[in-house]
Structure formats: structure tokens, C-alpha cells
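Before we start, here is the structure in question, set down as C-alpha cells.
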Amino acid sequence: MNLAQEASLVAGKDLRIEARSRVTLQQVLPFGLIVLLLFAFALDPDRGVLRDVAPGLFWVTVLLAALLAISRSFAIEAANGARDGLRMSGLDPAAIFLGKAAAVAVELAALEALLTVGVIVLFDVSLGAIGPLLLATVLATVGVAATGTLYGVLAASSGARETLVPVLLLPVVSPVLLGATRAWEAAIDGASSDAWPWIGVLAVFAVLYTSIGTLAFGPLLEEA
Amino acid sequence: MNLAQEASLVAGKDLRIEARSRVTLQQVLPFGLIVLLLFAFALDPDRGVLRDVAPGLFWVTVLLAALLAISRSFAIEAANGARDGLRMSGLDPAAIFLGKAAAVAVELAALEALLTVGVIVLFDVSLGAIGPLLLATVLATVGVAATGTLYGVLAASSGARETLVPVLLLPVVSPVLLGATRAWEAAIDGASSDAWPWIGVLAVFAVLYTSIGTLAFGPLLEEA
Amino acid sequence: MQPVVRLRSAVCLLGRFPALAGVDLDVASGEVVLLSGGNGAGKTTLLRLIAGLLPLHQGEAEVLGHNLARNRTEHRRYVAFVGHETFCYDDLTARENLRFAARASGASASAADAALERVGLERCAAVSHARLSAGQRRRLALGVALAREPRLLLLDEPHAGLDADGRAVLDAVLEAAAGEDLTVLIASHELDRTRSLASREVVLTAGQAHAAVRP
Amino acid sequence: MQPVVRLRSAVCLLGRFPALAGVDLDVASGEVVLLSGGNGAGKTTLLRLIAGLLPLHQGEAEVLGHNLARNRTEHRRYVAFVGHETFCYDDLTARENLRFAARASGASASAADAALERVGLERCAAVSHARLSAGQRRRLALGVALAREPRLLLLDEPHAGLDADGRAVLDAVLEAAAGEDLTVLIASHELDRTRSLASREVVLTAGQAHAAVRP
Amino acid sequence: MTLLKPTVARVLGWTTLVALIVLALFGLWGAPADAVQSDAQRLMYLHVPAAWIAYLAFGVTAIASGLWLWPRTRSPVWDRMAGASAELGVMFTGLTLLMGSLWGRPVWGVWWAWDARLVTTAVLFFLYLGYLALRRVPGTAEGRAKRCAIAALIAFVDVPIVHFSVTWWRTLHQEATVFDPELKAHIHGVMAFTLWFGVFAFTLLFVYLLDRRYHLECLQEGLEDRELEQAIKDRVRGSVSPPKVEAKVEATVEAGAER
């Protein structure tokens, strides 16, 4: 098997488990919507800033939901020592990384699509320049999925997987948060030209972490 | 052993495990601080609203950290079938509930103390009427710990513990979020009289869920 | 005399699968009953049912005089169950785990220490559960059960992973049972070893129990 | 001929504890080596070291011609390891788990199905791993290892939890090994059963290996 | 097997249909247009009844759950009723949200506003979505019933919060007009009649759907019971039949593998 086939084998396995357990659809998505609602409310609506901060809230929510998705992705490997099984399997670690990140990205994309509808309705936002917006979203998703998978495996080797991932991951992806928020703001205002530099940042980030992940996943997976 | 002794046995066990693994201190706390920062970042400091939304941000952060603490509290019981061990132990389920909730409350209180320092430093907030503020905090903490423990055990019986707790818990504790936020706002403004009704809401909530938990924990723990 | 366990066409479901499809079983006080049967026959399910960890779906079940259909928690403090898992906390040491279990069920700390010695784990007393080897964990699980000073002991494949020493400990527990007024139900695939110690053998096949025909 | 496994004063740490304190071991191709030793002697650690799942701390280790000190992943696709855990996914069925493992290591789906039959799990093919009984899980783990068509098979207490049928399957695997050019290292407490099938016994005590003195 | 006698259910079904048609006629043509909001206000005849029937549905869920938990009245009837009613409650809450949104667009100029009632209503919606998710978690019938009954009682706490939210937080959303404590009739007679008729029609709809849903649940349970009896027989004969769901899963896998 070549790299792509191996990666799709791994991604297929993760997505099949998701299709069977429906965790992302039935639990992570409602979580995202509730976070969106509650936080917007807790941050006090009177001041009329909510429409302006909608992109920021959206991406914070996506990040928090991503934490859950990643935690789930590695919970699957933690049970029954499946991680050792993967290590013994002879699959290329790069393929494992790409496969797991792809599965997370697919789940996140589905989530973002639905959360976007939520944002449009809740914050009365119209999307403006669709092209840059979509591009920014895709790149940010890839970035978050890649970084998340990388840090997920790093945390997985320690006992306290659930709580370690958030701490490690959130600071690292803050550039994505910033870039995606600014790109969205610009795109929503219809100022595509302002969006492009941020999209550039997101692209660099996505490429960077995908490459680092492809190279570093092997050693991290081996980490006892 | 009477109820209090049994509860303190359980709480002691949880706190000893925490002391040994340091998950709350070394992972949940940094997580809280990062979330605080990220939110501040996403909401853009330019608009000068940060000082006003500080209470909301603080309580949102506490809730998210509480999710992690509770998830950890039940992860402990999930490993090695420890939950079955508890069920076989002959301990009064009410004591188990009170013990686990107390341990979570202690962890949350430590967390809140440190996050408060963070809020004071980051958002340049001064605490105003300390009495009501402290009371509101204690009551909210008890409420969150009790509700969290109740929902934690509810979700623990299903396979996907990590992701189910957030979905179930967040809507239920939203009154705490609102009440504590408003109480803090009033207390910070020095308007203690405005804080008291909210403190009343928090007290009702804390008492209500502690009682429900004491009664309902047994049946929920038994759920196959 | 009142039987310790009395099942009448007991049905127990795992999800929608009838893992026990009508089991009749009587165990008298002081007996050591060997439960044999192939993989998936329902031994674990039967033991968990008796421990009160699984609900009864149909039929009757009485353990130590308590009707499980009505209440499956009351009898537990007199019952100890050694399952496929150890019921211990990874971050606590062997001794701490034992003490917690003993105190939780009302036994003393010295009972815990005695159990530690009995299963031969003195040397690992301060090693945390996460670091014990598979066999040491089995011993610890057995120790936890003994520390609780039960009247009914349910053992689910206690031999798995035990070395010769460990098996000797186990044999001693089974031999002493009659004298200590302890009733034991033991599910095992180590038939040769256990048959000689058991007072009776019950064979489970496809969710039903039959008395074994002694050759 | 080149040995399959060659260890020279190999030291392996678990945390700071030297679970293997200088092990010398040579295994030739086609051998079936029985690893015996008390609980906590280091059998699991030794097998995990050979599988490349644990790092070598001191000494030399060579498996299938690969030097583990330099690279402990290269040899893995020719090695299958049945550990205390099954390495399977709870939400996948037995067949899906087997197929995934087979395809991941380059074997065909039919190898997976053959393995399913060989370990006698046809009837549970569509049952998800989470619902299998303890013994059925052990069989599945064995099946996963066989489906990978390894050259070196590491078995860590494969007997634990297996019924008579399952043990017969295992015996058949050990017997067929020599013919199939398969080398087997088996750690077990079922000494009586395994000794007759093994070509050699190695005793581990306190992290060190000795050739067993045959009575 | 059902809550109502089949004939009663059938009559009720037709009555509901007629009532809904009458409501539509009154709502669209009978009642006068609002002075300020003109025709948009006609959404009230759906919005307000939907909200109240949602309360009613959650109330039924809470009471049924309580009756299930009370040992003397424990019966599977209450569990089924609680589940069915919660599903309808979620449906009606969704309807309230939808109608409110549609109404808000012309009146407030936005689909959504950060208003206490709106937020609490949305929280209510998610709360019961969570409850329904909990109902789907596998387990024994009794365990599931117990767990869900407790969750339903906890969730019901939010209903009064939604209702009083307008008085607790000064807000955008309409305050209580119909249940105004001072009992002044603020609204036109025909409008009031239409509103109350809407409530009546929706109540009929609720009872009818509840009965149907309950019936469906009974049929399903009957089917499961029969499958179980068969499974026990199979098990005794030693032929383990894998459960149906997984057989389907496996079939698709096979199909995929062949391609």
C-alpha cells in the first residue's frame, strides 16, 4: 500500500467508528451550539457588540469543539491498547497522522457547516465574500486538525489525556484563532483584500503543522 | 461508619489521587488561564468592553474548567472497572455523591482563587463588596460541583463519557452562570443590594441540586 | 438451611442478547462450586448477576436471603467479586487500594494488611496499581476481595495470569473456605486444578446451567 | 544461520525500575520458546522489548536482523504480539477488527477471514468487540496476530481465559509453527501444557533469563 | 397498548384537523391585522400556542417521570409517556423558535436577539435534546427509565425560568399580556378568541400526537419482546444469532468489500 491508501485506511476506520457511535454529531455539535448561545449571553448582549464579535465567538467555539473531537479521536486509540496495535501494524506513522487528521478535519468541517448556520441566524450576520471565507475556513480547519492530532498523540502517552490536550493545544492554535477571526471579519465586511494576508497566515500554518506532523508523528507515537 | 465518614473517605481518595497526579493543578488551571486569555483576545480589547465583561468571562472559564474537572473525576472511576468496585463496596451512594462532589468543589475553589488573581491582573478589576462576592462564589461552586457530579455519573454509564457530560451539563448549569455573573457584576460595582437576589438564586440552586444528587445518585450509579 | 444462592429460570440480558437464558442454580452455605463452560457460555454474566451488578430480566434470584428482583444492592456488603478487572485505582498503591476497599466495606486497616500478606504482595505494597504486572494485579484483586471479609466469594477466572505461587494462595483460600463459613463460586478454565478443590461442578452451556456428570 | 532474536545483557526500564536487568537470549528460526517465571519476573517486559514497544536502555538487542538500539520499528511488520490487551476497537465488529489489522500490515482480507475461522469466532464475526466475552477477546487477539502472517509471534499468556477449544487452537498454532517457518516466544503460566509443545524453556527470575534445567 | 380507545383516537384526529383548519381561517382572515405590525402579527396564533403547548408537553414529561419514580405508581406507561411527550415538547419548542424567528425578522429587523426569553427558550430546546440523546443511550429498560426520569425532573426547572425571564431581565420580548396580573384585556376580542382557539387546537394536536407516539412505542416494544423470546429460544438451542442492527452493518461492509 502507498501512503494515500494507508492514510485512507486509517481515516476510514475512524470515520466508521464515528458513524457507529455518532459522538460528534449527537454530542459535540450540540455542545458547540450551547457554547455559542451561553457565552454570547453571558458576555452581556446590551452593549450591542455581539454582531462584531461573532467571528471571534465562532472560532472560539470551533476550537473548543475541536478539543472534544480530538480527545475522542485519541480515546479510541487508548482503549484496549489499540495504540500499541497501531504501532505494531507496520503502517507508516505519516499515514497514521494524515489519516487521523483527515478524519478529525472531516468531522470539524461538518460541525463548522452547522455552526455557521447557527451564527448566521443567531448573530444576524451575512457572509459577504464567500470565496475567501470558505478558503479561510478550510485552511483553518486543516491547521486545527493537524495541530490537534499532533498534540493529541503527544498527550496520549501521558495518563491524563483528557485534560492535557486542551492545555497544550490552545496556546499553539491561537494564531489560527486570530487569523481565522480576522479573515472572517474582513470577508463579512466584504473587504476581501483585507482577508488575503490572514488567509496567507492560515495557509502557512496549515502547511507547517501538516509537515511537522508528518515528520514528527512517528517519534511521538513511539514515545513510551 | 456514618454518612460524613463515608463521604470523607471517598473525598479523601479523590483528593489523594489528585495530589498524586496533579491534573487539576498542572493542567486544568493553565487551561483556565489560557481560555481567559483567548476569550479576551477573540473579543478584541480595542472595544474597551473587557473590563465590563470580566465577570462573564470568569464564570464561563470556570464552567469550562469544571467540565474538565468532572470529566477527570469520572475518568478515575472508569479505569479498571473501579465503578463496579464502588458499587460492590457497600458505601452509601449518597456518601459517594457527597464525597465526589466535595472533592470537585475543593478543586474548583482552588482554581477560582487563582483565576480571580488572573482576572484582577488581566482585566484591571477591583473586587468591590467582598462579602457578597465570596458568598456568591461559594454557592455557585457548590451548585456546579453538585450538578456536575450528578451528570457525570449519568453520562459515565454510557460509552462516550467525555463528550456527553458537556452537552448535558452546560444547559443545566446556565442559571448558575447567569446568577454568578450578575452577582459578581453587582458586587464589583459595590451595589451589594443588587447582588442579594442573585445570591438567593444561587443558594436555591445549590441546595436543590445537592438534595437531588443525594437522592438520585444511587439509582444512577446502578444503571448498567 | 437457607441456600446462599437460589436462581429459578433466571434470564439476564446484555443489551438485547440473552446471555443467561433461564438458569436454575442452588448453592448451599460453605460450598465451593466450580462453574465451567466454554467461552461466551455466560459465566461472567452469571457471577455479575449474583453480585447484583446486572439486573434480572425474568425469573427469580435470591442471594443471602435478598430477592434481587426487588433489591440488588442490600446483599453486596457480604459479597466479594473478583472480575476480569481489578476495581482498583491506578494512582493509588497496592496498600492504599486495599485499605480503601476494606474501610469502605467496614473492615479494618489490619484486615487490609493481612490480605496483602496473604496474597504475597508485601514487596509491592508501595507500588502503584498502574505499575503492577498482570499477575500482581490479579493477586491484588483477590486481596481486595479477601480484605472485605465476605460471606460469599465470586471468583471469575482467578487463575488467569497467576504463577505457581499465586495458584497455591488461591488453593489455600478454596480449602479454607469450608472452615471459615465462606461460600465460593468460581468460574474457571483450569478444570484439572479446581475440580479437586470444588465440592461440585456446574456446567454452563449457551446460557443454561447443568449439573456436571462426574466421570 | 542468523538468529531471530539475540539479546546481550539487555536492560529495560519501566519508569526507573529495571524490569529487565541484563538478559541474554538467543532464539533460532522455527523454535518455540517457552518463557516461564513468577509474577513480576519481567516476561511481559521482555516480549514488549522484542516487539520494539519499549526502548532498550543498555546492552544489545537484535531481532530479525534489525538492531533495536538503532531502530525499533523496522522489524515490526514481521512481528505479531498478543499482549494482555487485545489492541482492538470497541465499536468495530470482530471481523472488521481483523480486516483492519490485516490490511494495515499488508495482508489480504481473506487472510483475515481465514484467521477468524482458525480461532473459531465465525459465530461472533458480526459482534462488536465491546460485547465479546473475555475468552472471545483473547481468541480475537490471537486471530489478529495470525492474520498479519508474521515471522515472529510473541504470545503473552495466551492461555489466560481460553476454554478447552481455544487451547486446542493455540496448541495447533504452536505445533504448526515449525512447518510454517514461524518462530514463537510464548510467556505462560500453563507450564504443563506448553512444555511439551515448546522446543525449549527459558526461566526469567527478577529480570534475568536462565535456561531451564529439564528434569 | 394505547392511551385512548381507537375510535376516540380516530375522532380526535379528525377533530384536530378541523380545528387546525378553523384556526388557519381565523388566523389569516377572521382576526384583524395588527395596527403596528400588520400581518406579521398573525404569526402569534402559532407562536404563542406552540410555546404554551411546549410547556404543557414538558410538564407532562415531568409528571410522568415523577409518577415513574414514585414506587407505588411505577409502570412502563409513564416512561413511554415521558419520552413521547418530551419529543413533542422539543418539536413545539422548535416551532416556537422558528415562528419567533420568522416574526422577529419583520418586527425587530433580526432573526435573533440576545434576549433573556429567547436564550432561555433555546437553552430549553437543547436541554431536552440532551434528554432525548440520553434516552437513546443503550441500557436496560428500567435503568434507562430511571436515568431519564431523573434527568427530566432536573430539566423541568428551566421551564419557569423561561416563563419568568421577561420579568427577571428587562427585555425586548413581549411581556406577559394574556396572563397579565392586572387582567386587563389588552387585545381585541377576535384576536383573543383566535389565540385561545389556537391553544385549544394545539392541545388537541398534542394529545393526538402523544397517543400516536405512545402507540408506536408500544408496537416497537412488542416487537422487541418477541425478538427477545426468539433470541432466548435460539440461545437455548445454542445457535447464537447476532443482533439485527449489526447484521445490517455487516451487510453494507460486505457489499463495500466486494466492489
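Chains here go by letter, A, B, C, D and E, matching the order in which they are written, and residues are numbered from 1 within each.
Throughout what follows, contacts are C-beta pairs under 8 Å (C-beta built on N, C-alpha and C of every residue); 3 or more make two chains touch, one makes a residue touch a chain.
As the structure is a prediction and not an experimental result, all values here were calculated from the model.
The minimum number of touch steps linking chain A to chain E comes to 1.
Ranked by how far their CA centres sit from the centre of chain D, the chains are topped by E. Of all residue numbers used at the contact between chain A and chain B, over half are used by both chains, marking a mostly same-residue interface. Averaging C-alpha coordinates per chain and comparing to chain A, the farthest chain turns out to be C.
Should one ask which of A-D and B-E has more C-beta pairs in contact, the pair is A-D. Distance between chain centres (mean CA atoms), chain B to chain D: 46 Å.
Between chain B and chain E, the centres computed from C-alpha atoms are 31 Å apart. For the pair chain D and chain E, the distance between C-alpha centroids works out to 56 Å. Taking the mean of the C-alpha atoms as each chain's centre, chain A and chain B sit 26 Å apart.
For chain B, residues touching at least two other chains, in rising order: 21, 159, 164, 167, 171, 174, 222, 224.
Within chain D, contacts with two or more other chains are made by residues 84, 90, 96, 124.
In chain E, the residues that reach two or more other chains under the touch definition are 123, 126, 130, 133, 138, 140, 143, 240, 249. On chain B, the positions that touch chain E within their shared complex are 150, 154, 157-158, 164, 167-168, 171-172, 174-175, 208-209, 212, 216, 219-220, 222-224. Chain B contributes residues 1, 6, 9, 13, 16-17, 20-21, 76, 79-82, 84-91, 218, 222, 224 to its touches with chain C in the complex.
Across the complex, chain A is touched by residues 51-55, 72-73, 76-77, 79-81, 83-92, 96, 100-101, 103-106, 129, 144, 148 of chain D. Considering their complex, residues 20, 26-27, 30, 33-34, 37-38, 40-41, 45, 50, 120-124 of chain A touch chain E. In the complex of the two chains, the chain B residues touching chain A come out as 21, 23-24, 27-28, 30-31, 34-35, 38-39, 41-44, 47, 49, 52-53, 56-57, 59-60, 64, 68, 71-72, 75, 159-160, 162-164, 166-167, 170-171, 174, 177-178, 181.
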